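Have a look at these structures, which come just after this line.
Shared chain: chain A. Partners: chain B in the first complex, chain C in the second.
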Partner chain A sequence: MGQEAIIKKTGNGQNGFWGLVKSHIFDIFSVLGLILCVVIFTITSNGNLWNAYNISILIETVCGYMILSLGALFVYSMGFMDVSVGVQLGVYSILMIFILNSTGSMLLAFVTVLVLALLCGAFNGAVAVWLGLPSIVTSLFLMFVFGGIQYILIERTGSNMISVENYDISKFADSKIMILAMVAVGIVVFYAFNFTKLGKYTKSIGANEKTTAQCGVNTTLWKVIAYMMFGVCVAIAAVFLLARTGSAGKGTGSTYAMDIMLCIILGGMPLSGGMSSKVRCAVIGTLTYVLLSNGLTLSGVDIQTIHIIKAVIFLAIVLLTCRDKGKILPR
Partner chain B sequence: MKQSAIVQIRKMNKNFGPTVALKDVDLDFYPGEIRGLVGENGSGKSTVTSIMAGMQKPTSGSMFYNGAEWKPESMAYAQRKGISMILQEANTISGCTVAENIFAGDIASFSKFGIVNTKAMNKAAQQRLDAFGLTRIKAADVIDKYNFEDRKLIEVVRCVVEETRVFVVDETTTALSVDGRKILYDIIHRLAEQGKSVVFISHDMDEILEQCTSLTVLRDGSIIGTIEKEELKGAATDSEKEKLIEKIRFMMVGREIGNAYYRSDYDVSHSDEVALEFDNVSVGPVKNFSLKLHKGEILGFGGLSDCGMRLIGRAGFGLEKLSGGKVVRNGKVINNSITAIKSGIGYISKNRDTEALILSADIAENISLPSYSRLSKFTFINPFTKAKMVNKEVDNYKIKCKTPRQAVNTLSGGNKQKVSFAKWTAKDSDVLIMDCPTRGVDIGVKQAMYGIIADMKKSGKAIILISEELSELIGMADKIIVMKDYAISSEFMRSPDLKETDIIGTMI
Partner chain C sequence: MKKTLKKIISLALVAVMACSCAALAGCDGGKGEKVKIGIGLYQDQGPAVTATRAFLDGISEELNCEFTYVTLSQTDEAANKTAAQQLISSGCKGMILTMDSATEAILQECEKAGVYLGGYLSDYETSFDKVKNNPNFVGTVVDGRYSGTQWGEEIAERIINEGYKNIGMIKFPSFAFPHQNEMDTAFRAKIEEYNKTAADADKITVQAETTELMFQPLSADYFSANPDIDAIYGMCAGVDFIYPTLTQNNKTNIKLYTAGFSVDDSVLSNFGTSGNGCFQELVFSNVEAITYPLVMILNKIDGEEFSDNPSEAQRVDSSQIRITNNEELDTVKEKSMYYTGKFENSFLSASDVSALLAKNGGTHEDLVKAVQSMAMEDLEAK
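Up next, the complex of A and B:
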């Protein structure tokens, strides 16, 4: 039969070297993209990319993005997205500053933020299911709510920016601690994504939710768990983001939601999620994204042009990865 | 005296990369005939007809239509010129009305200055529907109001127009119930009487013998032979028919299929232990339905497609919300698919590609999905234990694949279905609810499926087999439950004397 023969031809059951290349085309592109970034920016930055100072900057930047992207993997593999992460990070930073300044307890600050992040995760996962809404709608709702809270909190302080005063937050900005945190989160996420039910189910929900439910999987429960897993990562990332600057204001965090999306697709993961979701997508994507931003800046490209370049890359990748008409964007 | 052919196909070849789909095919279609095309999956029957209908281009070879060279550039072009084809998969536009679907691509003829005269279009569409005896379908309705079967019939109405000279039906009947099929049969017979040519592709041998005037068998992209009208109509008695079917099957497969197609035994014994009980179940239009399924029993469900049997199957797996009564297994109430699977029930949906399988996932993932809870030890799913379980199933079902890491969408229909069987045997389910498990599967694989089902019975599994093929129910079930208008209308015990006609009477 014709259709089957066509599927056989294009599917990844194909023989030989080219078959292998074809079935790993996005992986290959993403790794090539990363290598290309390294090579080009090493040249255009006159080697400044690799001086000690810039390396510590790179680690600081990568840390936050990496932890966030690794957590976001669980949500994106279901074909969902969370646009509220950015403002959540802003509010968490401000709250942590409040708590640190009044109590000096990092533990209390972190636990408060963690609980909030978990609640937001549960909200995103469960309310969307109960109301029969796409998850992006509940996360939009949270985005507006948190955006408002962030604004009010800052307005009340009477200034545009508040800083950590009674606590030495900079110890979390140490390169070794940051690397340690990234590796730890990476290991946990790698394990959860590849060797536990959570990863198996989020991928199969992304690929076919109906079938997954008919295999006895409580999809609502696992959606909530996946969002909460992301929540944990958001809380951890909030600590390291705050450690970098020691302060927060009205705009803090706002761009992160979209940046994470860019990281993940740069890593070769389709926005529709499903079976081709992999941990390496988050890792490679984050490295590429950070190198891209940092490298362009070092090469003297102005900030507006960087935004345009990011937009073009985003568009190109979405067009490349989302050719399946039925699954264009996350829900 | 035979008229000259309306379509002639000469030395046609078609390659998909290294795969040879057609090899030097010569084929003629004549006016007034209903030509059956049979062959296993991948034998080339859809390829040759889809080339004729403009869906794809041949690698080499030529076609002649009404004596002139025929090179259709698209399906729409072919349809305008009189060759239409109706496919297995749904092909209607949801969100639009029935009329808009029927006149899709031709809406301009109802519009003036860019404004569509909906009233006129609906009227014309209704006339077309009425002419096909589909008065119950209203042209102004949104198409989503109608089920898959009706949408299929609406497609037929769209395809068959005045200009139609050749009409290709590609495995459409698998989607239709008995009454839907009847409408389609009437249409093709009417077309044949009007001197048009019908090409009929189906896996259902009884249907082919009953409906077609001649029959061509394909195997591995080549024409194996043609059975002419005289021989087809000559087989009048059941035993002659059996012999003819045996001959056709031999031509299709190239080897003896043997007698062991269905179950050969008539042993209806089973344990007294109840495996699944429907206790006064009301679901949708089905009211107060009670039934007991026993260990080691195969219960067959037959009826028209909208008779309620499919609902009962879904209710047994907890997929439907009951308005009354309960489904019970081992004292536990089954109210969703999670409790169903926990208590050892498996369900094979009729919608294989959208519900039973994750097409983009590999074989291993599909087979393991229901079993992850069991495989997971302190959150850890051991990949080696998983691979062992999967390999056992792949061997057991002889799933044709290079590796279990191969995506399911690269498998043929029959092998896909084997995967959806395998995931429940891997889970070690004791009760299996199968909704049309052999739909669109060729006879070699069908035979294997029947063997599997018979073995399951022997090993004490309880099976509900919902089917639209009566011969399958007669061949496999211990007891056949016939449903009509959402209630049981009759029951038949397994017997060598049971005939399809006995059952049909209680269905309609």
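Up next, the complex of A and C:
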């Protein structure tokens, strides 16, 4: 590789090995973090990490997070976030149960939540622009609305949870199906993020929205499309989330919004988005996050210690990956 | 500056990982001969957690068990299934969970792995009928009594005797706590019965429609809608959800009869005739009740059965500590493990628990009696 190419690659004029290292410091950190988790937990879990049962539960746990993280890439690469995803998942799960129990049609259930998820995506993307609000405000609005709907839906059942009764949803909890779904979503997202206008423009919006708009890009349109893309992934993830337990309640999905953010950040993606956003951030981050939770529990680490370890790692990664001192949090 | 910051953070990361390694090294995951039991609690701290852990630590040696803990979500089924799966992966032969959440899915995992599941301070209302015949489900010990009728009547009697005239009624939503409806109904029935014969001046007015708290603290608007109340029957956890609002609105002259307990001095110093005297009744379940699912699980693991083993999993009531006056509070402070967090204050010693095992001649009747002999009079007799 010539010097010119290296300069182009590193983007900062530094050449040689250290220049490359410096320009990929976040990627290196995230990969090292994953490797470190694997090595440490393989030793400390007395081999339990790699027993067949644990591998199956790792796949089961990773599936939902992976699909959501891959979808969230489009939103986070713009430097935005969607805090409504958790309650959306909860409501979609409940709706799917209602539809499955009354019609037995998985297709109808999925199409219904897909349409809803697309509408929510469009709302999140468009309303924020039209009203000149930070996107987090519209997603907060959706979070409260969906949170209320979730409570009402469950309260009307007279119980604190409902289950799928007339359909064998557990077939979607099969490891092979889950791997297939993750790979399929991964390929689509990889292609869309790296080889289509959607990926290029979302990263560009994250890097500098004004400049992107001045280049003739309809940023509003691409924001809406990015949120809708995330919506598709939320609908798919809802199927696999429901398949895990066959039931849903008033708090189903509630932790996912923050978990997804953690996954992406652990993968080395800056919260401020931009050109350094990569698909591997979602993949590595999700694997690290799930391994961290699973490995610490398997190793018998105290609950409080687990919280502390997670919190410190999260804080350290946020500080490391923040691109701009003035923009620690997404807009 | 930025470089320095990165270096500091990198060092911090290394330090964190080193700490975690040290923590991991400190855990004794390698003692294969001990029976590993997973405990899933809905909180990761607080007096109940401290006391539960102290009790289990105290009996672990005698029973040759080790306990590993996870925190369950009160609302997220998938998170609870993951927690149960991780316990199974880590080698647990039994699990005791405080949440009836994703129970059927968790039991499917238990069946696959040959692990047993028991409930602790939970009536498993949602799933009990579906899982009571599952061979991997050993039953559950309830947080007090399964039926709320008796406590509702007991509070009504206290209210009548103590002469309060306008009573506020607060509970959690029915869909989550259906037995609070029984408390509510029993309380109203008892008051109605009293009002039939009482003089007009002595009649008691009960809030027409019970306020339901959606797991949020009581709103200050409550006092505008119910301006004349002089006592509240808080069927929900009033220490956390009602008392703070009373304090913030200078309404601590209203007497509070409620479920729950706190070791916090701001609560206990205002109990009975002390402080502002707002708290008139507090109720809590004993952590030693965990003995029921633990013994049932250990019997299964040992391949033993009680001579009077029930044909299906049972939902067993546990006795509660009702604190109704300052003397009783003093007794709790001095003798209850829930307050002291010390195993020496436990109702049951390690050998008591061991003797309840089927292999040591225990019976199901003895076991039930043990978890139902932990009321205030038993505490006073200690």
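As a working rule, the second predicted complex is superposed on the first by the 315 of 331 C-alpha atoms of A that agree within 3 Å, B and C clash if a C-alpha of one lies under 4 Å from a C-alpha of the other, contacts with A are read in each partner's own complex, and residues count from 1 in each chain.
Note that contacts are C-beta pairs under 8 Å (C-beta built on N, C-alpha and C of every residue); 3 or more make two chains touch, one makes a residue touch a chain.
Remember, it's a predicted structure, so these values are computed and weren't measured experimentally.
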Between chain B and chain C, whom does A:K200 touch in the aligned arrangement: first, second, both, or neither? first
Pick one for A:V224: touches chain B only (first), chain C only (second), both, or neither. neither
Under the stated touch criterion, which partner chain does A:G249 make contact with: chain B (first), chain C (second), both, or neither? second
What is the contact status of A:T44 with respect to chain B (first) and chain C (second): first, second, both, or neither? second
After the superposition on A, what does A:G64 contact: first (chain B), second (chain C), both or neither? second
Does chain A have more residues touched by chain B or by chain C? C
Partner chain(s) touched by A:V301 [first = chain B, second = chain C, both, neither]: second
Counting only touches as set out at the top, which of chain B and chain C does A:V75 meet: first, second, both, neither? neither
Just to be sure I read the superposition right, which of the two partners does A:T212 touch: chain B = first, chain C = second, or both, or neither? first
Touch list for chain C against partner chain A, complex: 5-6, 9-10, 12-13, 16-17, 19-21, 23-25, 27-30, 44-45, 68-71, 73-79, 81-83, 85-91, 101-102, 104-105, 112-113, 126, 173-176, 214
Quick one: in the complex, what on chain B touches chain A? 14, 16-17, 19, 21, 41-47, 50, 55-56, 317, 319, 337-338, 340-342, 347, 349, 354-362, 365, 368-370, 372-373, 376, 379-383, 401-402, 406-407, 409-410, 412-413, 423
Chain C-facing residues of chain A, complex: 36, 40, 44-46, 48, 51, 53-54, 57, 60-61, 64, 151, 154-155, 157-161, 163, 241, 244-255, 293-294, 296-305, 307, 309, 312-313, 316, 319-320
Please give the residue numbers of chain A that touch chain B in the complex, ascending. 1-9, 11-13, 192, 195-197, 200-201, 203-204, 207-208, 210-218, 274-276
